[in-house]
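Each of the next two complexes has chain A plus one other chain: chain B in the first, chain C in the second.
Right after this comes the complex of A and B.
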């Protein structure tokens, strides 16, 4: 068994993850084919989550106690509690089945054009990104509230900084660190959520490949999938660490 | 000078009372009682046998005999929802139980012994945490085989590093207290120190973590049952009912609503209670 493991590790270094027990195709090749769809959904979900979550959190933090703030808090609490695959089902039923505005299932690679790609992904990615957006909104609001009471904000205001300038120059940078941290923690959750959302959206990606592998007890395929997901999560967290240095020059020398 | 008792805030004396005094968590607690009540009383209050098929009633709408309609085999949806509440309560308990069973002793041990034990178990927990949760759960289910218990044990194993970290952190901070030092000084055994002096003091953060994990476990159960790796038919969980609703969405587009709402409300309940407990207990430590 030790020899078997060492041989697997040796093949791994040569980029060979073995062959699928079920289809007989190489695991590396299968993953390479399925990955673009999954990475597209999760990537778009992150973009949606950052835009919606940070935007909503910023507004809520700047207008604390207002109706906007209360609406954002309630929506965030709900967003965290909703399973993404359920939201995907509701969105697809509303925008693709009842009204045929968007395609209900399938995936179009980016090479077929921006709109076909985006139109297939927008509903599942929104569903997937919702919980992350909610989490980001909460953290952004908390950070903005913390930063706003600091003396340097009072100084900046006294100097006449207000509105957009104050937000861009003094708030965003200081609120960015915890937000980026949360994003790193969410990467694994998004890849996991993508498994089920892919099923709902009828997209053949890593998730559907993994589910089939589990049902068929296709161990090399599962090993390959888990390894690939772990590598993605580690890469995202590396990017997060690099982002710290970019956001805050104080940590650069460390 | 006032008597010291008057300066102790209510939260310090009765943390549960302080949690329930918040309107949101009182509602959440009431819902939890209702949920557990209907889970226990499901055989009594369910209007029909949850597995009884009436094929003539396939996708029947809302009526007096079927208050929430019927599914693809003509089974009563309301009865199935009520029976599924049993799984919504017990399945997360399996996961959280497994996570505490693994995370609590190892966390206590690492936090008390420090040194090499701490370093090794800490690295192991970090490694497990860096894997995407649902992906590792899939891998464990692949080895154990599909089924509700296996799926929830898998989720519990995934949760254990989280519990480990909370327990270890709390143990480290409690171990610095004078009463632990004096217990060691008067010759208490390690086991007695852990059991009598440390455990009661780490119960609060552990309770908060467990409550929040209950909600996460329920979402994981729903996801795994949705893709057919959790609950096996004919048994119903809210996740597997959503799976059936998905497969029949052209025949019964509204079937996705009731199980989804039950799921959201229950997760919301666990999250609300967890947040309230954390706030109250954090206030208690600050005071």
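Right after this comes the complex of A and C.
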């Protein structure tokens, strides 16, 4: 066992993850082929989650108790409760089957053009990003509400700061600090969640590859997938830490 | 300045006043509504003078100051009264006018500089902010002014310090930054809410010294909210004593300290440790300020007062007992009690 593991590690250093037990193709190659689809979905899901979630949370936090706030809070609770595969099916049936606006399944690489790529991704990425958007909206709302009652906001108001000026200069950065942390945690979850959505949307990405590998007990493939996911999660955390330093001056010197 | 009781009915009080607060009444709404959190508060701040607002915690000093700045918490509502600053009633003037005044002609310094400065903004940007908002200065001009202001409040190496963040500075430095930011808008009045409370004693003295210099050089009027009588004696011309939401006495500082005309003022003075009374027990005022909502009728100090009489349950009128010396003690007004430290 130990010897096997050491040999695997040694090969790894040379960029060789072994060959699949079933297809016979190298694991590295298989992952390289499947990764773009998955990373595209996850990336777009993050973008959607940040834009929708942070935007809605910000408005809700600034207009506490208003109908906007109540709508956002209700929608966020729903968003967290709905499983992504179900949302994906609903979206596909509404936008791809009932009205043939968008393709129901499949994936087109970016090399075929922006729109073909995007059109295949919008539905699964929305389905995937919705729960994260809901989570972010709730957090953002909480953070905004929290920052608004801080003494330094009062000081800024006493200086004549108000409206957009106050939000941009005093609120956003302070409220963003905890939100970025949550986003980092969510990124890992999105990568895992992509597996489910890929299957529903019929996209051959890492998720389907991983599921097949598990069902076929294709150990080299599974090892390769786990390693790849781990690397991505580590990279995301690194990005979060860097963003943290950029947002929060207290972290910079430490 | 003479102690002779000349004032008779006429109110020369408001003439030449930069700020005058009249009949200010604040209610707590929502949750459990509590009327009369602050009731009928009256006082003036003359141009270039320094007025202290004193009292124990929970007496409504800070609320009164926040009302002047238009920064009351949502749950507190102005019921009646007016706050006139240089001819404008701040309570009715509308948000646009209020924004013009805040940070411009009226500056503010708060307690606990650490939490009152934005942790994610350089001190230079925070000082420059009032310049940019009120004088529409560009980034560079405002920054140059911020540097001058840092110099002015005695921070060495000002140019480098502009790019520091608050957490990189000591408490005293942070409070200097707060003061620099407060005077950036070239104010005529600075409202200082316990500016020295969170600081070491030596730093307190430095900050007061700085405020005194600025007052002299810029002709600033200062409304100083504090519970430190030493600071009042040292720094202020006039004193307004608040108890449980009422102004119980206001007077020139000398008169208030020599001949306090309200038992609460006298008790406050008596509870200050004095070097010439070493080794004698420190006097304290028994009990504590009642929580808002359970204020007694009439004189609100009566449950803790040594001189309570049946008449104290009646509303106490504001009575003039000397030049600019007002009390809200009916017994003193009626001559039943003599003003003085033995009160």
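By our rule, the second predicted complex is superposed on the first by the 254 of 254 C-alpha atoms of A that agree within 3 Å, B and C clash if a C-alpha of one lies under 4 Å from a C-alpha of the other, contacts with A are read in each partner's own complex, and residues count from 1 in each chain.
Just so it is clear, a contact is a pair of C-beta atoms (placed from the backbone, for glycine too) under 8 Å apart; a residue touches a chain by one contact, two chains touch by 3 or more.
What you see is a predicted model, and the numbers here were worked out from it, not measured in a lab.
More chain A residues lie in contact with B than with the other chain of the pair chain B and chain C.
Looking at the shared chain after the overlay, A:215 reaches chain B, while chain C stays out of its contact range.
By the document's definition of touching, neither partner reaches A:18: not chain B, not chain C. When the shared chain is aligned, no partner comes close enough to touch A:36: not chain B, not chain C.
Shared-chain residue A:234: touches chain B; no touch with chain C. Within the superposed three-chain model, A:80 lies in touch with chain B and out of touch with chain C [touch as defined at top]. Contacts of A:178 after superposition on the shared chain: neither chain B nor chain C is touched. Shared contact residues of chain A with chain B and chain C: none.
Against chain A, in their complex, chain C makes its touches with residues 69, 71, 95, 99-100, 102-104, 107-108, 110, 112, 115-121, 125, 129-130, 133-134, 165, 167-168, 178, 181, 184-185. Against chain B, in their complex, chain A makes its touches with residues 77-78, 80-83, 85-86, 89-90, 93, 97-98, 187-189, 191-193, 195-196, 199-200, 210-211, 213-215, 217, 219, 222-223, 225-226, 229-230, 232-234, 237. Every residue of chain A that touches chain C in the complex is listed here, in rising order: 150-152, 154-162, 165, 169-170, 173-174, 177, 247-250, 253. Put simply, chain B touches chain A in their complex at residues 130-139, 141-142, 146, 215, 219, 222-223, 226-229, 239, 242, 245-246, 249-250, 253, 256, 260, 263-264, 267-268, 271-272.
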